[in-house]
Amino acid sequence: MEKIVLFGELMLRLKPSGKERLFQSPCLESVFGGSEANVAVSLAVFGKNVCYVTALPDNAVGEAAAASLRYYGVRVDALRKPGRLGIYYLEDGACQRPSQVIYDRSGSCLAVTKSDEYDWENIFDGCSWFHLSGVTPAVSAEAADCALCAVKKAHKCGARVSVDLNYRKKLWKYGKSANEVMRVLAENADVLIANEEDIQHCLGIPLRNFTTPAESYRDLCIQVKKHFPNVDYVAVTLRHSYSADRNGWSSVLLGKFGFYEGAHYDIENIVERVGAGDSFAAGLIYGLTEFDMNSEGERKALDFATAASCLKHSVPGDFNLVRKEEVYSLMSGNAAGRIQR
Amino acid sequence: MEKIVLFGELMLRLKPSGKERLFQSPCLESVFGGSEANVAVSLAVFGKNVCYVTALPDNAVGEAAAASLRYYGVRVDALRKPGRLGIYYLEDGACQRPSQVIYDRSGSCLAVTKSDEYDWENIFDGCSWFHLSGVTPAVSAEAADCALCAVKKAHKCGARVSVDLNYRKKLWKYGKSANEVMRVLAENADVLIANEEDIQHCLGIPLRNFTTPAESYRDLCIQVKKHFPNVDYVAVTLRHSYSADRNGWSSVLLGKFGFYEGAHYDIENIVERVGAGDSFAAGLIYGLTEFDMNSEGERKALDFATAASCLKHSVPGDFNLVRKEEVYSLMSGNAAGRIQR
Amino acid sequence: MEKIVLFGELMLRLKPSGKERLFQSPCLESVFGGSEANVAVSLAVFGKNVCYVTALPDNAVGEAAAASLRYYGVRVDALRKPGRLGIYYLEDGACQRPSQVIYDRSGSCLAVTKSDEYDWENIFDGCSWFHLSGVTPAVSAEAADCALCAVKKAHKCGARVSVDLNYRKKLWKYGKSANEVMRVLAENADVLIANEEDIQHCLGIPLRNFTTPAESYRDLCIQVKKHFPNVDYVAVTLRHSYSADRNGWSSVLLGKFGFYEGAHYDIENIVERVGAGDSFAAGLIYGLTEFDMNSEGERKALDFATAASCLKHSVPGDFNLVRKEEVYSLMSGNAAGRIQR
Amino acid sequence: MEKIVLFGELMLRLKPSGKERLFQSPCLESVFGGSEANVAVSLAVFGKNVCYVTALPDNAVGEAAAASLRYYGVRVDALRKPGRLGIYYLEDGACQRPSQVIYDRSGSCLAVTKSDEYDWENIFDGCSWFHLSGVTPAVSAEAADCALCAVKKAHKCGARVSVDLNYRKKLWKYGKSANEVMRVLAENADVLIANEEDIQHCLGIPLRNFTTPAESYRDLCIQVKKHFPNVDYVAVTLRHSYSADRNGWSSVLLGKFGFYEGAHYDIENIVERVGAGDSFAAGLIYGLTEFDMNSEGERKALDFATAASCLKHSVPGDFNLVRKEEVYSLMSGNAAGRIQR
Amino acid sequence: MEKIVLFGELMLRLKPSGKERLFQSPCLESVFGGSEANVAVSLAVFGKNVCYVTALPDNAVGEAAAASLRYYGVRVDALRKPGRLGIYYLEDGACQRPSQVIYDRSGSCLAVTKSDEYDWENIFDGCSWFHLSGVTPAVSAEAADCALCAVKKAHKCGARVSVDLNYRKKLWKYGKSANEVMRVLAENADVLIANEEDIQHCLGIPLRNFTTPAESYRDLCIQVKKHFPNVDYVAVTLRHSYSADRNGWSSVLLGKFGFYEGAHYDIENIVERVGAGDSFAAGLIYGLTEFDMNSEGERKALDFATAASCLKHSVPGDFNLVRKEEVYSLMSGNAAGRIQR
Amino acid sequence: MEKIVLFGELMLRLKPSGKERLFQSPCLESVFGGSEANVAVSLAVFGKNVCYVTALPDNAVGEAAAASLRYYGVRVDALRKPGRLGIYYLEDGACQRPSQVIYDRSGSCLAVTKSDEYDWENIFDGCSWFHLSGVTPAVSAEAADCALCAVKKAHKCGARVSVDLNYRKKLWKYGKSANEVMRVLAENADVLIANEEDIQHCLGIPLRNFTTPAESYRDLCIQVKKHFPNVDYVAVTLRHSYSADRNGWSSVLLGKFGFYEGAHYDIENIVERVGAGDSFAAGLIYGLTEFDMNSEGERKALDFATAASCLKHSVPGDFNLVRKEEVYSLMSGNAAGRIQR
């Protein structure tokens, strides 16, 4: 099976129980996560051959982080060195109260590792797809260098490159702007994934109002392709937040054979919002590598990605622990949630 | 007080915490449950004199299973023998993701026990009502024999017999079809409880489309009575699944004095779906034994059953831990969920 | 900073996990709470200088109760004496099933302490605002005496006095009626906070039907002011209970400069209902002490109180652990619950 | 099977997790317990026909208390009335730090119920053994009256009466001394169970020093029998506390056929100290009703009681959840704790 | 790195919290384990290249079982088929109360899988060491066939074969005796691991009393080698059970270059007894493959195995999650448990 | 009451449950701690007026850290600024396996804050005692500067200064050695607290062997006083580690009026080792400020400190949650751990 490679930061995530505010009681639920790691796990659970590249501390914390990916079948190719693992605190929102993320990732192993410490030749040997998120170059100048280097090496070795723009307001503190860095990455990508806000912040392309939302998003995708002629696919996720617990969820794709609108899901009683975008990216990569690339295949890839990420809202933790059979079932219309027995 | 007897399999139920996927974290919540056991507990909590007949392993697992019913006041008449207790794994659904049941009940004590091992004479001594669910004969040929034997003995000793058809697609693996077995049981029943799908699978009678849903269900009940003239009451539960978290819930009853439609409840933020049908059966048995059997009493029995089972959706676990005063309160219109203080 | 003083009973609250029925499993979540304590914590979290007066047992239970307020920055001025801490059991409702409170507070230290045991001179030294809820005089004759004494002393020392009527049907068992006692307290108050039912039970003033609900509530406020000319502000909270999980929430205020209707919030997936009224009182006191008292300030105070108490529905426990920046954010329209990262 | 009746107070016990100090974290483990209830459960687990008499609040707290005994097969004959359930807070000691009990049982249903509220005729119908602990008359004057009444009625109906002196320093606050009350109870008992301190406080008989401890305890038993000639059996438990975690445990019995010393157990890594005395009482009652009453039977009864109560130290909670086969196994020398597989 | 292959049954283990009796509270801790799986994980944590062969159900339970080994770096080569995963209930002993195991593994996938369903050629490709425990052939006739087949194939392909006799009294129910089956396996082994009781039950060779225990055990090893001349190494673990919480632990080895006694460890406050024997086997295999095989290397292998298994007693769960650096540290005398900071 | 000031780093401590290895299951117990914070809490629980100075991030993590001290009555004077809170992971040892600390504190707010950012004038206003541990200057050059500055300012304002040498091998990574820095601090101290290893590493003074251990430690104290004539008190804690669960614990003090040996405690079943040294320091400061400073008072201070820190081993978490009455009770010989009821 051809190898999908991902590069990024794996963090320890600390979250109070249920809807409690941070430290309201003394148990913190610990899982590991991070944008590309989330994509990696989802692809591995779908059955793909996945290799995740990162830098981790050479202690029990780093070991557990790596093991948490191995558990789901991801191969972990981690530089191990003295240092710390990045952390993020997550407080789950409810009703009108938004979820809060507090990043504690400065000085992490990944943030301080230089590009020449990785063995890129080996990493990209046999690689057919490379994926990166905009969170990684937002962490530090070193991480941005590594990201750029990886994208270029991937391109050079013939792999297809997907970039999820993934703009994070609380990062990008090291001196460069998202726009400055992300444009260069976009210039090396075959597939761009984003929401409207990401495209605005990372690529500087605004959403224009047309008669219908669909036309507006179609125009947006066309604009992106115009600025980045190297890009074959532009996928945009559409979220409507009614409250922390209820969202509308949909997507569009401008492919090589047409423009497609994904199904619209009304998601009530959301279990977890984090990782939804990553699960969409994983679904799209899965679709674009599994289905025939014609008009029907492109639509099916978008449908798969949208259904997969809809289901992610029902799974606690960063990872989308959803099997491909479950995605296909939702794609075929089984959305009623009846007990299977 | 007259004795209500039930016969069936009591299982250990293992469920991950909250909305987690199976084994996502290492704590499994253990409760005991099973269709007839659920009915038994609900009737005991309503204040009825209840005796539950089953077969259990003669070890600490079987002992705990029995104790879990004694806790709620059910008398447990269990054959104790070497062997295992059946298990079912439950993964709670959320949003568009359905709940999943994995049965691990083959080879259980109940599944391998033969009809002549039970002391039926003693069991039915003083029995005025006998209840059985379609899950029990679905387990094994031996269990089906026992179920048939029990129904016949109950009938013979003058008890009224209720059968909840309760079709389970993942069972019925031992060689006989649901239709083949359940028809015989239905021929010995005074009360049949079912949903539309159960009637289709177990009795082979389809829902026909009339002008209004009410007419369609009335027709369905009439068809059932026509095929099974011994049956005095046909109750059908109506569930509309919008998602794993939100369902519509109602019911109809064709009795001796008329046809009735139950109240319609829109149930959001469902706490637990499992056991809702059993709680309806318990409510109906309670109503048919407590209220005068005339047109008003039949309506009241249906209203009690529908309100009781509506409340079940708010209680975690298999059992409907709802007192009859709470059911009456909902029947009288108090559905707003205001704090009582 | 000027000192806000509150007097009332601090209780241990025992609640089963999640939506379980009482004692369904053996872990009880323990927090401390009580109407005035809840107001005190919310004001301290907003940054106010708060002093909470009560009586507590001189053992580890009383010590923990006091510490739970110190944690949030409340100064606790507690009489310590032999005896017990009042308890309330809380069972959280779900769907159509209401939450249940079982009070176990008779004979508590606060209930048996006489007015002359408190050092009122010291307590009110430097006090600019005094707050009391109608729960306190409902506990015992002694507590009612203390409440009346405190209100009068507060008035005398020049502090403004707010009273939240807070009618509790399960209390008022010691021989006096709510109406009898609360009217006297209202006569000494500058600010009255209530819902419609409270005003009916405590002051005997009914809601009359006018063309629109707003007019009806305006009339109700005017009636209250007519009966209690000492009162400058009448605030009424408006709750519409669709189910235990979904409520509509709004409010009105009749102030010195006008009559105002608060924003309407539709609150789905309620995390906790308890303490919402107290969080409104805290928000109103905050607003009335922070903003300029003109038409705009009065409206802003109401908006702050309404938004603060809307957010309380998302926080588990009695206390409203919401920072003022979060309240301002909701007031400015950010109600979509998007992740902040 | 002949009926063993017990009378006493059932309490809610609240304990922080593990070795935490009270309220160190917000989860309290709740179980129910009380001296006679503990004896009742142990006897029921051994297979005896047990009826426990008490007074309980007519709410969900009282219902759960009763159910916790039904779970283990105890028949509960409880007066249900408005009021509260007694509570005790338990903090588990460790190393040199002692366990702490904070009683919150004043005003409980049992404490305020008068003797004539119980239906003693019915209670003692068919009763062959009655057991009471010295904790019950220590609670209130009403409870002492009931205890005395029960003992006399039991005696009159021909039942044997066992009294466990069980002195509690933190109780006996209502005006009478332990000595005053317990002597009268002892005068109506056939079996007295105590430790050295109990005998001193309740009966005023001191331990005198003889050449060996065995002689001293033999003398003590003889003294007791001399003062209370009605008493057939005097059993004394001997505990040596090295620390909260390690105790020596033994016992002596002066019976009708001789004086016996029980086995000595060195118990390290104690799981729970509470309920050990009660488990000894249960073991002794079991032995005295099961074995032939000759010299061998009396020794066996003491050995059974000592082994049963040794095992109690390994079981969390008030109840001794140990089967009689396990007791026999320890009596026969299997004390090595090897895994049984 | 050369490949170590293991074959056996992976089970779900269900254990109540801490020292609770089974089902004393409703949370069951779930881990996966089984004799050979435990050895596999320990070897993988030491850094070995390990492949574990088994049969698992093709559902979420089987998937989680496999993932639990992948987490620690074990390669899992599992036949996936319809059926069930074996279960064992574990109740942890304390003080004089022994731990209890209740097996619920009959009818498991592994128990019913026939030898020709496995692809042995592939499995043993590149294999240099094969390990099996006596638990596997105790499960069913089919499992015994597979075990024998595997041992023979391993031998044929040039791998060294270790067998841990591991006698389980509660198994061996399918018609053959341990002695009958295990002798044949022993005839194909290079390394035999056992305790005294195993050797008695599986090989029929008793311990004879010589002047010192060391001589007795030396004699026992010599006897074993005499009966099974193919065996190069006989290792015997020596456990002295003072209580469930305190054991003495040591071992002897008769190798090719001499007879060695391992260090003696006095282990107090045991955290977990299960898996200790497996951790010894893993340590011995590690030592015999890492160290030079001379007198010094043989002694070092025994010391490594003894220290590794001593440390296992401090780790909850079936698996010995101990790094080789920690074993070396204990071997060098650091047994004082001081905090490393 | 005179003010005791402490300066140091407050960290989030993350620990797996019970004896689990790090990340063995997904719940991390979070408490806050740090050497001087631990001393501060213990002193506040003893009833002292305590002010803790530190630097904390201006987010919810920093707020919770401060609140955790306020809970116990400590006044927190914290510089709030952007940045991170230091973390330490703790894995509790068992049997022969040592506890492990992984520090993740580089780049914390305290580590990067410069001396001139603190308002030392205000901090030391009214201060009569200042305490510092050797952990603080081990963190960073900035922290060492602050520590030195604080000690000098304290000295200048007339406060007595205690320094706990507290050597940490895993810190001191920023370029200066412990010896270099700690000597200067010692030159400004009135009281030095240490164990033998600390004195060796921080002051370069070795333990010499005399006839008895007491003489050796007396000599060590005399050597310290000779090198640092400013020091009035040298206290040395003596720990003998038999295993992670059992330690011997004692101490010596060389004061102004004599040399004293503390009681020896044999501590089995240790609940928590962390914070024991800090609890000794708190006990000593308490004693030296409460008792008359003569020979008897110095002995009593040592006895108080030794008993307080003995009890700390029974309390989970960093803080010594022990009341002074409990310390006095142990000092008077009540070490048997009997239940208080």
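Labels for the chains are A, B, C, D, E and F, by order of writing; each one numbers its residues from 1.
Definition applied: contacts are C-beta pairs under 8 Å (C-beta built on N, C-alpha and C of every residue); 3 or more make two chains touch, one makes a residue touch a chain.
Per UniProt, the chains are A, B, C, D, E, F = 2-dehydro-3-deoxygluconokinase.
All values derive from a computational prediction rather than experimental measurement.
Trainee: Which chains does chain B share as contact partners with chain C?
Mentor: Of all the chains present, those in contact with both chain B and chain C are A, D, E, F.
Trainee: Over half shared numbers or under half: where do the identical copies chain A and chain B land at their interface, same or different?
Mentor: Here the answer is different, because the shared fraction of interface numbers falls below one half.
Trainee: Based on mean C-alpha positions, I'd like to know which chain lies farthest from chain C.
Mentor: Checked the centroid distances; the maximum from chain C is E.
Trainee: Would you say B-E or B-F is joined by more C-beta pairs in contact?
Mentor: Pair with the higher count of C-beta contacts: B-E.
Trainee: Roughly how far is chain E from chain F, centre to centre by C-alpha average, rounded to an integer in Å?
Mentor: About 44 Å, centre to centre.
Trainee: Suppose each chain is reduced to the average of its Cα coordinates; what separation in Å results between chain C and chain E?
Mentor: Distance between chain centres, rounded to whole Å: 62 Å.
Trainee: Could you check chain F for residues that touch two or more other chains and list them?
Mentor: Only 18, 21, 26, 100, 268-269 qualify.
Trainee: Counting only chain pairs that touch, give me the topology of the graph as line, ring, star, complete or other.
Mentor: If you draw each chain as a dot and join those that touch, every dot ends up joined to every other.
Trainee: Can you check the complex and tell me which residues of chain F touch chain B?
Mentor: 25-26
Trainee: Write out the stretch or stretches of chain A touching chain E in their complex.
Mentor: 67-68, 70-73
Trainee: Which of the residues in chain E come into contact with chain D in the complex?
Mentor: Those residues of chain E that touch chain D are 18-21, 24, 93-101, 103, 168-170, 241-246, 268-269, 273-274.
Trainee: Spell out the part of chain B that touches chain C in their complex, as residue ranges.
Mentor: Residues of chain B touching chain C: 18, 265, 267-271, 310-311, 313-317, 321-322, 326, 330, 334-341.
Trainee: Provide the residue numbers of chain A that touch chain F in the complex, in ascending order.
Mentor: Within the complex, chain A touches chain F at residues 14, 21-23, 26-31, 59-61, 64, 67, 84-85, 87, 89, 91, 100, 102, 104, 106-107.
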